[in-house]
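Handing you a structure now.
Chain naming follows the written order as A, B, C and D, and within any one chain the residues start at number 1.
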Amino acid sequence: MAKVSFEKKLIIAVIGSGKCSAQEAVLAEAVGRELAKRGAVVVCGGMGGVMEAVCRGAAIESGLTIGILPGDSPADSNPYVQIPIVTGAGYARNVAVANSAQAVIAIGGDYGTLTEVGFALKSGIPVVGLNTWSLYRGGEQDKSIIIAEDAVDAVEKAITLAKGQKLD
Amino acid sequence: MAKVSFEKKLIIAVIGSGKCSAQEAVLAEAVGRELAKRGAVVVCGGMGGVMEAVCRGAAIESGLTIGILPGDSPADSNPYVQIPIVTGAGYARNVAVANSAQAVIAIGGDYGTLTEVGFALKSGIPVVGLNTWSLYRGGEQDKSIIIAEDAVDAVEKAITLAKGQKLD
Amino acid sequence: MAKVSFEKKLIIAVIGSGKCSAQEAVLAEAVGRELAKRGAVVVCGGMGGVMEAVCRGAAIESGLTIGILPGDSPADSNPYVQIPIVTGAGYARNVAVANSAQAVIAIGGDYGTLTEVGFALKSGIPVVGLNTWSLYRGGEQDKSIIIAEDAVDAVEKAITLAKGQKLD
Amino acid sequence: MAKVSFEKKLIIAVIGSGKCSAQEAVLAEAVGRELAKRGAVVVCGGMGGVMEAVCRGAAIESGLTIGILPGDSPADSNPYVQIPIVTGAGYARNVAVANSAQAVIAIGGDYGTLTEVGFALKSGIPVVGLNTWSLYRGGEQDKSIIIAEDAVDAVEKAITLAKGQKLD
């Protein structure tokens, strides 16, 4: 058998609303650029808003972008998705978005983002948050979501955690 | 064509962890009993913990119980599930648990429950909470989860909301 | 703990196209009537065509009908579905339709029906066919699909196989 | 906004059993090599058998391989998958395997493969077959599956059809 080897790719999911503020789009694009510069593959839900902005950022820096789509057609994806995964499974695809990454960056976010945060944390996949949900249970904060200051900090933290390293 | 008519069934989902405290089990069983007494069909994830307790409660009162299972076999369901829906879809089935109900009652809960809360709220399905998650965004509480005092209050609120009526 | 017991329900899935011929609709309605008369719960994909006809038949005889819907809303189901399971998962719900039954009856059918036949056979769930697909592999017929003569024969065979009994 | 452009990738799915004969593995590896030589991204179910062989073939020729996994962990994928999509959705992921490609090549195959053939044909995605299922309905063969002679012929036909061109 022919010998084959290749490096394991670093895969980071970026999650956020399909409709986002201009500020969130700027943040998401910066996250996408930084991820691509650092060699990470970007996984997202493939649609608009935060998903489109992060793909655009990654594409600017020639990064690879994967969109795990809810619908039935690759034509539904934003124009910066290079590999559309066409699940046809609606929001059930949120499970795949969260679980296909070694770390997740959540930007802002609506209830769909909340479900992806939940799926990632359930699987023990680190979640880094930029202006996203805070969770409380029994009166105490669940501190599983790592707070980031800005796009570069979020990417630095996500990559560190994705590699199984500790944060400073 | 033969004429057929039947009343629309009242369907309430009860969500919560597959491993729960004794206190949560007592609460879930009381919720199940009350739902069945009031004629509601109980939908849940079909597994143990809160799901088993709510089905047991409903079964005691001769209610109908439906378990939307993550696995490949009806044998995985708790013994009080009368109609096992065997999705084989893992946690992607959480979407179906949330969306198959006219209202959702969340009892305690882990990250899986959090995803079901998110799916319900995304679809505009009312969520009534008993000792469950609190959500904050941008420093402000998201008050979409209706807090209940006890099992009877939770069922009363869920049924009122399921019927599209306002709470007092 | 209170003692609870109930009989295991006999659950039969009926699969077929969402758009069907008048002849297939007659066949499906007859299958639904016969299933309900014999106490079986009918599971199907909840939409039109064969699915609607089988639910209508079952409803005429006061049987319980469950529709495992591809879409996001219970309003999408045909009017004879009593318990809509709202998966939002598109055709991924075909897995659940096939696997939630103890036996499957396929009537006519398009490619969606073919996928449900495949999922049932993969899980070892018996499939009874009325004017449905024939499968060949390596030049030989795969005889897993049991051919039925008419609606009553299909139901008789499906129930026999669902109970784990042999056909005569 | 920065201008970004990139070519649309050619994506071909290869489907077949997770346990396959040595002959099928040879065929699948040849298909994978040929696809990679011609610049196509290979999508598959990410597991063993045909899926592993096609990924190995593609990896030998430095092609990009994507495995849409049924399970919860990227560690379940065969070693030649570079981008694991972790659906956790069991066989519901078969929908995504079929629909994420512009054409599908089926090699041998069991009932799972049959479901993927069904999903592709339902979506109008061309299916090229190598020793795979033949389908009959109402006594007539459904000729939707395009028969290929060998690995190179299968790839040639799949790429031609993926580009929306007619076969000679």
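Here is the rule we use: contacts are C-beta pairs under 8 Å (C-beta built on N, C-alpha and C of every residue); 3 or more make two chains touch, one makes a residue touch a chain.
None of these values were measured; they are calculated from a predicted model.
Interface subunit C/subunit D: over half of the residue numbers present appear on both copies, so the contact uses mostly the same residues. Note on chain placement: the centre of subunit B and the centre of subunit D lie 39 Å apart, centres being C-alpha means. Centre-to-centre separation of subunit B and subunit C, using mean CA positions: 26 Å.
Contacts with at least two other chains are made by residues 72, 87-93, 95 of subunit D. Interchain contacts join each chain to each other chain, per the touch definition above. Interface of subunit B with subunit C (complex): residues 1-2, 4, 6, 9, 11, 41, 56, 59-60, 66, 68, 72, 74, 80, 82-89, 92-93, 95-96, 99-100, 123.
Across the complex, subunit B is touched by residues 72, 87-92 of subunit D.
Of all residues in subunit B, those touching subunit A in their complex are 89-95, 109-112, 114-115, 117-119, 121-122, 131-138.
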